[in-house]
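There are two complexes below, and they share subunit A, which is joined by subunit B in the first and by subunit C in the second.
After this line comes the complex of A and B, so read on.
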């Protein structure tokens, strides 16, 4: 792939900026980068799910045009997407053959041949799977294998796997990697999208690193090491600077105490004894790679998911497992990561979205007071410079303006604690800056802020205290000090270090020196 | 089986069952493709009207039937196109079809015949009645199953073909997959809307057949001839657990109640309106019973 550029007009994100990728025949190539680095976009372009704005694709020396997965399949390119596309009620065989079913007498399904062909694939690649079992009865690891069998059945020789291990257990990962190695022996080429560095060294021969939509490095796996890759992935420089006035933090306003969250059927807890405390005038930034507990933390803190163990306090009052309405009444505000579905009602107007949580202020004798509402909305629209008429559905606004409406709503009532989850995800630069200014302003006014973000630059630029989560645990908890470099935090985020105590002592010794 | 009525009642049940069966089998296709197709009723009425009109005009039963079916397929095409490609809510478009059909047929009838009521045709050929040779010597079965018109047997054939298409062909596999997970279907490079449109056209075809049976059998068109049979067919799909055999059984039960009520009318003093309402009440009760059963099954 040469000089691929992809710009998402709707969100204003430059996902791929002249990215080139060379994959050699019969190699296992790892494509790594942080969330939003553009890995998946690049591979979706190769698989025909997205179209590049510019650049070209060469396959086996020839320039090709891939506009749909069918084109990709015809070239022998197959991709397993992050979210499975399977029919749970169908058997493994039916799932594999769907779309290119073998027939007899031209019109009838040849079930016998289908069964034989699919089991032959399972046998050839020693995939341990019951081809007549409904897919819904299988484990996640086996579903992954079914997805791969779909590609093999379509005679794919070039396989793209998008973060295949994110939902697998260790044994399933070992099994998958064994399978991938056997594919290589059979002459297949594999691209593995991942952000797990141990997997890169375990399985790949070469690795391409993307950062912020650009290719930053290509290495032979044998010539590199996890800490170099981590540096390449995350970068040395903090790309973002936000003016943050010096402020002494006040009394604690919010505390998560040893929070554990378990899910039925999963042995590993999603959150494991997480303790976080937020004070007045303090921004606590929680960083982590997605899939390590950030979104679960968001759900628990916002009251949308009940904790299994542990306690939550707000101004020393226990608020564990209260509903989100009760939390709102206590003065907690929440700006969710999923602003389109959780944060707003897309078909409702801007006005309706703004008053949805506090409409009881506007009720007079059981009827909403239109005058008061429009005045309220006009004030907020001006204050937050929202581009959009109050009466249009919020879904017609740009991402930045939707986020501003949500901010306006959440911050319009008196609040001393606000949860921000991925507050600038997908926003353009000016909207992001607006959000940052707002967060800093709230901090100056005395609120405590819990910032949950997979954007490390953002966490480092805004936070007074930085928390890093890995596999549902807090692996680092430290004041934001110059000694806390991006490289170091990156190593914690990627699970390369798990020595929190040492960092604290580093911090303490520096603290004594200064 | 000792009552003198039982054999004619059962014989009639087989006949009455046919329109239900046609509509329900077509509706099964749309149901499996993930659409609630309430337009069965309207499509049947269109088929009933046009097949009898065209038969009367051409004097040819086969030609009239074909054109009648084509009419309901055409309406199904418009209904499907608006629902799937113009993305209108299928419930609303289905409702529109059901409102359009009686209006359209009445207006056309008035324009052509100057009559908004029952239109009788003298020149409609009788539907060919068929005796099944194999069971001719088996007294009971012969009396019940044999001697119906060819549409009755065509409906049985349709059930068998439908079962084969649904369970034994690539189209059937894709059809059911569309209903289960349309997004997955897209990732396979298939077009879910095209499959859904095909299902709607099939329902138009079978509803056309079912409607035709009603009008051609009488050689007349009566306003609101279908009288809710399309709705009962929809219920039969659910009661039959969305399987061809289940639908046959459910249709049989509905037809049986209708057949019985037809006979009971003549021999009791219970008001006729009440008796004629029994098939609908049975439908209602069956639907409630089915929901309760589903609820408890889901609980376990």
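After this line comes the complex of A and C, so read on.
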């Protein structure tokens, strides 16, 4: 792929900026980068799910035009996407043949042939799977294999796997890698999208690193090491600077105490004994690569998901597993990461979006006081300079303005604790700056802030205390000080370091000082 | 202040509906030319017929009364993203309950007994629809399916009562006895069947509009309908708004059943309310679930009906022509094709 550029007009994100990628025949190639580095976009372009704005694709020396997955399939390119596309009620065989079923006389489904062909694939690649079992009964690892069988059935020779290991257990990963290696022996080419560095060295021969939509390096895996890759992925310089006045932190306002979150059917907990404390005048920034518990932490901290074990306190009052209604009554303010679905109702007007959590103030005997509401909305639109009429659907506003509406709403009531999740994701520079200014302002006013973000620059620029999550655990918990470099934090984020105890003592010693 | 969609949204809706209805009219004309040997006469009676005398006009408005109620019932449920497909059974059962209450109180005061009968009708509808809402809240059963199935079976039960224990043997209709004349609603345009129920229906639509757009519960209900996750995040009791819209929807369907007994038929006749539930869905769709727009939408439906009846009486087409036109409107409205087209055009022009 040469000089691929992709700009998402709706969100204003330049996902790929003249990215080139060369994959050699019959190699396992790792494509790595942080969230939002443009890995998936690049592969979606190759698979025909997205179209590039410019650039070209050369396949086996010839320029090709791929406008749909059908084109890609015809060239032997297949992709397993991050989220499975399987029908749980159908058997393995039925899922594999779906879309290109073998037929008798063009009408009748040839079940016998389907069964034979699918089990032949399983046998050829020694995939240990029961082809007549309904997919819904399989483990996640086996579902992954069914997805791969779909590609093999379509005679794909060039396989793209988008973060295939994110939901797998260690044994399942070993099994998958064994299968991938056997594919290589049979002459297939594989591109593996990942952000797990141990996997890169374990399986790939070459690796391409993307950062902020640009290609920053191509290496032979044997010539590099995880810390170099980590540096390349995350970068050395903190790209962001925010003016943050010196402030002594006050008393604790919010505490997560040994929170564990389990999900049915998963042995590994999503959150594992997470303890985080937020004080007045303090921004606690939680960083991590996605899939390591950040979004679960967001759900739990905001009360939208019940914890399995552990306690949550707000001003020393236990608030564990209260309903969102009760939390709102207590004055919870929360700017969610999913601002288009959870944070707003796109078809509702700006006004309606602004009063979702505080419409109780405008009610007299069950009737909404229209005058008071429009005055309230007018004041906020002016204060936050929101571009958009109060009665237009909020979905017609730009991303930055939608986020401003959410901020205006969440910060309109006096509150001493606010959760910000991915507050600038997808926003343009000026909107991001606005958000940062607001967060700093709240800190000065005395609020405690929990900032959950996969954008490390942001966490480093804003936080007084930095927490790093990896695989649902807190692996680093430290005061934000100059000796804490981006490289070091990056190594924690990517699981290259796990010396929590040492860092914990840093925190403890600070605790004594304050 | 203005809650709900903005002015431009309203305008798009209006134009889209206008186009839909024009297509329906063109379809009528084409059909008449195909089916009738005297097309000009037929067209005249179809379109102008309902307005030629008090009798036709009054009956047309009378037909719209239950449609306003059922249309409102569906509109409120749809606005809240719950689906009440049990309208048929709810109207029918409520009509029976109204009749039974009136028959049980043959000598009561008309206002007292009538109010009681309507309350009974409302409760019946609420109860039937509310059950589906409750099941949804409790066990997550799909209220769309459960309300439909419940309605289909309740129709059988009502049929049994009308043709069995409550049947009037002195009459060869499959119907109950006539209710006391003190319960008859006041006719306002004799000799037509139109009664004061029309004012109550219109007032109900106004109240429903106010409820949806200006009250606490209405706002929360609409927010839940548009985005349940957002509502939960905002601290709204989302479980409550699975059942409340069903209760209200059922109540309105129940009133439809009550008013056709007190106003028009004065007894329960086997299958006499059929179609009112389903047509309520069409009315709500044309009205885009706006309670105020339900009024003209119901008038329009009644107009088609009346036009077909007039054309049938004075010319040589059959009543099915109305059904065909209704089907066309159904398709156009549900497909939302035109609506999307205009939206798209507007975006292109603005961009």
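Just so it is clear, the second predicted complex is superposed on the first by the 499 of 514 C-alpha atoms of A that agree within 3 Å, B and C clash if a C-alpha of one lies under 4 Å from a C-alpha of the other, contacts with A are read in each partner's own complex, and residues count from 1 in each chain.
Here, a residue touches a chain if its C-beta (ideal position, glycine included) is under 8 Å from a C-beta of that chain, and two chains touch if they have at least 3 such contacts.
As the structure is a computational prediction, the values presented were derived from the model and not from experiment.
Engineer: State whether subunit B and subunit C clash or fit side by side on subunit A once the two structures are superposed.
Structural biologist: Once subunit A is superposed (C-alpha atoms), there is a clash between subunit B and subunit C.
Engineer: Contacts for A:348 in the overlay, against subunit B (first) and subunit C (second): which applies, first, second, both or neither?
Structural biologist: A:348: touches subunit C, not subunit B.
Engineer: Is A:371 in contact with subunit B, with subunit C, with both, or with neither (first, second, both, neither)?
Structural biologist: In the superposition, A:371 touches subunit C alone.
Engineer: Can A:455 be said to touch subunit B (first), subunit C (second), both, or neither?
Structural biologist: neither
Engineer: What's your read, subunit B or subunit C touching more residues of subunit A?
Structural biologist: Counted on subunit A, the partner with more touching residues turns out to be C.
Engineer: With both complexes overlaid on chain A, does A:480 touch subunit B (first), subunit C (second), both or neither?
Structural biologist: Neither: A:480 stays clear of subunit B and subunit C.
Engineer: Answer with first, second, both or neither: which of subunit B and subunit C does A:463 touch in the superposed model?
Structural biologist: After superposing on A, A:463 lies clear of both subunit B and subunit C.
Engineer: Looking at the overlay, does A:393 come into contact with subunit B only (first), subunit C only (second), both, or neither?
Structural biologist: In the superposition, A:393 touches subunit C alone.
Engineer: Have a look at 92-100, 128-136 or 182-190 and say which bit of subunit B overlaps subunit C after the superposition.
Structural biologist: The overlap with subunit C comes from subunit B residues 92-100.
Engineer: If you look only at subunit B, which of its residues touch subunit A in the complex?
Structural biologist: Interface residues on the subunit B side: 164, 168-170, 172-174, 177, 180-181, 183-185, 187-190.
Engineer: Provide the residue numbers of subunit A that touch subunit B in the complex, in ascending order.
Structural biologist: Result: residues 68-70, 73, 81, 85-90, 94, 97-99, 101, 103, 107-109, 111, 150 of subunit A touch subunit B.
Engineer: Could you please specify the touching residues of subunit A with respect to subunit C in the complex?
Structural biologist: 302, 304, 324-325, 327-329, 334, 336, 341-349, 351-352, 355-357, 359-360, 363, 366-368, 370-371, 373-374, 377, 389-393
Engineer: If we count contacts the way the header does, which residues on subunit C are in touch with subunit A in the complex?
Structural biologist: Counting only subunit C, the residues touching subunit A are 1-9, 214-217, 219-220, 222-223, 226-227, 229-237.
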